[in-house]
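What follows are several structures.
In the two assemblies presented below, subunit A is common to both, partnered first by subunit B and then by subunit C.
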Partner chain A sequence: MFSFTKEQKVLDIKGVRVGGQPGVNPTLIITGFFFKSKPDRGLAERYIPGLISLSGKLGNPVIPDFFIKREEYVDDVVEIIKEILPGDHPFSVDIVDPAVKVKTLERLHEEDMLSRTIYNSIHVGVTSKEQEALEEYKPEAAIVLCFNPKDNSVDGRIEVLENSAHLNDKGLLDLAKEVGVDKLLLDTAAMSPGENSGAALAAIPVLKEEYGYPVGCAIHNVVEKSTWLKNYDDVYRVVDASSNSAVPLFGGDYVISGPVEYYNTVIPLVAWFDILVSEYTEGYFGVEPSVNHPRRRLLR
Partner chain B sequence: MSKRLMTTVVGSYPVDVDALSLIRSYYESEEVKWGYYIESAVGDMVKAGVDIISDGQTRDSFINIFIRRLEGCRVRARPEIIAPIRYKEGIILDDYKYVKNMITSTTRLKGVITGPYTLAKSCVDYYYYDTEKAAYGFAEALNEEAVRLQGLVDYISVDEPFYSQELPVYSKELLSTLLRGVDKPSVLHVCGDVSGIIPDLLDQPVDMLSHEFKASSFLLDEFKEYWDDSKMICLGVVRADSQVVETVDEIKTHIDKGLNVFGDRLVHVAPDCGLRLLPRKVAFQKLSNMVEAARLV
Partner chain C sequence: MLLNVSYTPPSTVAIYGRLKTENIGVEKIVANVISNPHIRYLVVCGEDIKGHRAGESLVKLYYNGIDSNHRIIDAPGVLPYIENLDEKAIERFQKQVTIVDMIGVTDKDKIDEVIEECNKEKPLSFGEPYIAIRIKTRVTRSGDTRALHSRVIMDYTGRVKRREG
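Our next item is the complex of A and B:
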């Protein structure tokens, strides 16, 4: 269990609080929609109400992460978010193609939805047009992906934050500052087995101590790439869900938990580990859980 | 004379790295592949007709390539030493194997190792707090790389740009440590103004000296004063710090001046330094003109 000497930032993203010393705020669960499919209104209608209801019951905040693969999907995804995600609930947009990123920012601006938006993500491949769009259409928060193509060590993650490993003319933190996004969630970039996959977890406490920003990752991606594990059907899904428990254990603040279909398993599982962490950090470090923490919701 | 005068490079070559494609490999959970960039650098060197090429040092700066893979070192905002420096795995060996598989037997290879003193001076030292100890740490660690590398290459070149600013009193011993057990011809490359240390350079335990004789052409006169035929010479003939492409005639004239000083001990011609910071087209044209000029000598 960890307590950090660096002051820890707590971000408020439209009422969702993330970050801080381990044991204070419950782990944020960012759960994926449409990663392997076109925008699917039915899927969103089916899962979003249950997701939000379970989050309210256990205390762990949830933010839907909408993957947008192609430009022609942008309008549909924005419509789905507008119509199905209640009120001001925040969401993230997960996009690889820079042109799609720019189009999405424009659309979200037109719909006055940028104040609910987490931009996923800023990384060493950010283009100048994307930077211009980010300056013009500022999202509420951004995930900063600490993937370093030159160095998959924990230090390599720090290097891209500091100077983009010289693949861009400035470090990712300066880049985010320059475009004016100051609510940042650091993603430690989970890599495949054989590529120092454990470094994504080891980097969590290091980055928190170094920078104080909320830190997390999509650790389930490592499970997805563990092809040998797929020979064990019964275990595969268990490991996929339980991999998320490593993030709070390493002092992290959020998990990108994979497809929404498994939220019923992931949210209680993460809540259980949050309680475990909170009991220790309160007893040893005197860190009290927030009012919405699962430990308060479920045990008191 | 012309049969002996070979063209070579100092080390680095420009590449246009596509960071977005590297990010895509992350999203696809694919291993980052660097072969394309090595092929682009090596392809240019071969196409220009260079006799002795390097791997292009495409992955990183000539400092970070080595720091990343040595135990006890790390790269964050700057390269750092945080524990005893030790060799743990091949550093540039895989890239040289890759190059070896790309080229024909007529093209020769120069294995380029960044020198221990330059590495020590380029790092923030949180462990030794002593440049000499750090430099020997690098020399011992890199000796293993040099010994393994010589099986793949025809020359081993040690790049010590810091020597032009300050030559440590232990430079000979340092280089001997690094090159212990290396049988291939060795080269010491020092760019910058070396006029104040020429006798010391001539005393270094290497077979060949390589300097920036083009940007610092006054070095020809300076060397004349001390020249004792003890070393072979690699003559810098095109600038690495200017985008102006030297003409074939200009390069040939410069080579002739070098021959007047060094005679048949002048065996290689090269750019003054690594070409990494030049636009690729400019670098290629400089190499092409250098090759043509060398053929005319």
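Our next item is the complex of A and C:
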């Protein structure tokens, strides 16, 4: 369990609070939709209500993360969000192709949905058109991916935040500041086994102490890249879901989990670890859990 | 090299696999190919990976190499950086194999036909294997067992703070 000397920023993203000292706010669960498929309205209808209801019961906030693979999917995803995700609930858009990123920002602006949007993500491959689009159509928050193609160590992750590993003329934190997005979630970039996969976890307390921003990662991606584990069908899903527990244990603030089908396991599991962390951090550091913390909800 | 395609090559190919990413994925293919001098043709087939454009990045590496920033010249992918191969390894890759660009082709018969043509050439081995990447066994220890990282330390309670100096 950790406590940080650096002042920790707590972000409010449309009512979802993320960040701070470990033990204060429950771990935010960002859950992936459509990663391996086209936009699927049925899937969203099937899982979003349950996801939100379980989150309300246990206290861990959830934000759906919609993967948009192709430009022609943008409109469908935006429609699904508008129609299925209630009210002002925030969401995140996970996009690889820079052209699709630009188009999505434009569409979200037209629909007046940018104030609910987490942009996933700003990284060293950012293009000038993408930067211009971010400046013009500012999302509420952005995930900053600390992937360094030159160095997969913890220092490599710091390097991209500070100077983009010299692949761009400025570091990712300055770049985000320049485009005007100030609610930042640092993503420690989970890598495959054999690519220093543990560094994604080791980087969490280091980046928290260095910058004070909320920090997390998609640690379950390491499980998905562990091909040997696929020979053990009955435990694969258990390991995938339980990998998320490492983030609160390392002092992190959010997990990017997936696929959404696992949410019934992931949310209670993360809530359980949040309670564990909260009991120690309150006892030793005097850090009190927030009103919605699972420790307050579930232990009476 | 299979991109987005549902296809299993015939047993006459030396090795096949899937390519997903324009950086580490490409590096692994190059390192693997040049470790076997008998591989003289590299067929890249299937629809390219959206956003990453890994197939096109591999082809561009073959034709253009990398610039001083280690970026594959003219590669269309998001992060086409080659960091774990030196220029000699890339040069060796360019010389050892002939790349057959079938990006966009998913028809089994067409791919089989091209593989058969490559096999008919019966090219000789390129020579000695080239070992581009070795597993590092060296472990460095800081000597400070309380250390989390060179920038921060943690006391026995779990309190993290910046390391002085």
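One rule holds for everything that comes next: the second predicted complex is superposed on the first by the 300 of 300 C-alpha atoms of A that agree within 3 Å, B and C clash if a C-alpha of one lies under 4 Å from a C-alpha of the other, contacts with A are read in each partner's own complex, and residues count from 1 in each chain.
The criterion applied here is as follows: a residue touches a chain if its C-beta (ideal position, glycine included) is under 8 Å from a C-beta of that chain, and two chains touch if they have at least 3 such contacts.
Just so we're clear, the structure is a prediction, and the values are computed from it rather than from any experiment.
Engineer: Taking subunit A as the common reference for superposition, should the pair subunit B and subunit C be classed as clashing or as fitting?
Structural biologist: clash
Engineer: Looking at A:H123, would you say it contacts subunit B, subunit C, both, or neither? Reply first, second, both or neither.
Structural biologist: After superposing on A, A:H123 lies in contact with both subunit B and subunit C.
Engineer: Which of the two partners, first being subunit B and second being subunit C, lies in contact with A:K69: first, second, both, or neither?
Structural biologist: Once the two structures are laid over each other on A, A:K69 reaches subunit C alone.
Engineer: Tell me which partner A:F4 touches in the superposition: subunit B (first), subunit C (second), both or neither.
Structural biologist: second
Engineer: Please indicate which partner A:E195 is in contact with in the superposed arrangement: first for subunit B, second for subunit C, both, or neither.
Structural biologist: Both partners, subunit B and subunit C.
Engineer: Of the two partner chains, subunit B (first) and subunit C (second), which one does A:N221 touch, if any: first, second, both, or neither?
Structural biologist: first
Engineer: Looking at A:H166, would you say it contacts subunit B, subunit C, both, or neither? Reply first, second, both or neither.
Structural biologist: It touches subunit B and subunit C both.
Engineer: Please work out whether A:Y284 is in contact with subunit B alone, subunit C alone, both, or neither, and reply first, second, both or neither.
Structural biologist: second
Engineer: Name the contact category of A:K38: first (subunit B only), second (subunit C only), both, or neither.
Structural biologist: So A:K38 meets neither subunit B nor subunit C here.
Engineer: Determine, under the contact definition given at the top, whether A:P98 touches first (subunit B), second (subunit C), both, or neither.
Structural biologist: Both partners.
Engineer: To test your reading of the overlay: subunit C has the stretches 2-10, 38-46, 74-82 or 146-154, and exactly one clashes with subunit B. Name it.
Structural biologist: The one stretch of subunit C in steric conflict with subunit B is 74-82.
Engineer: Jot down the residues of subunit A that show up as touching in both complexes, subunit B in one and subunit C in the other.
Structural biologist: Shared contact residues on subunit A: 96, 98, 123-125, 147, 149-151, 155, 158, 166-167, 192, 195.
Engineer: For subunit C, which residues count as touching subunit A in their complex?
Structural biologist: 23-24, 50-52, 69-71, 78-79, 81, 83, 148-152, 154, 157-162
Engineer: Residues of subunit A touching subunit B in their complex?
Structural biologist: Residue positions touching the partner: 96, 98, 123-125, 127, 145, 147, 149-151, 153, 155-156, 158-159, 162-168, 171, 189, 191-192, 195, 221, 224-225.
Engineer: Taking the complex as given, what residues does subunit A use to touch subunit C?
Structural biologist: Answer in residue numbers: 1-6, 69-70, 95-98, 100, 123-125, 147, 149-151, 154-155, 158, 166-167, 192, 195, 202, 205-206, 208-210, 251, 280, 284-285.
Engineer: Per the contact definition, I'd like the list of subunit B residues that touch subunit A in the complex.
Structural biologist: Where subunit B meets subunit A, its residues are 17, 19-27, 29, 31-32, 59-61, 64, 68, 74-77.
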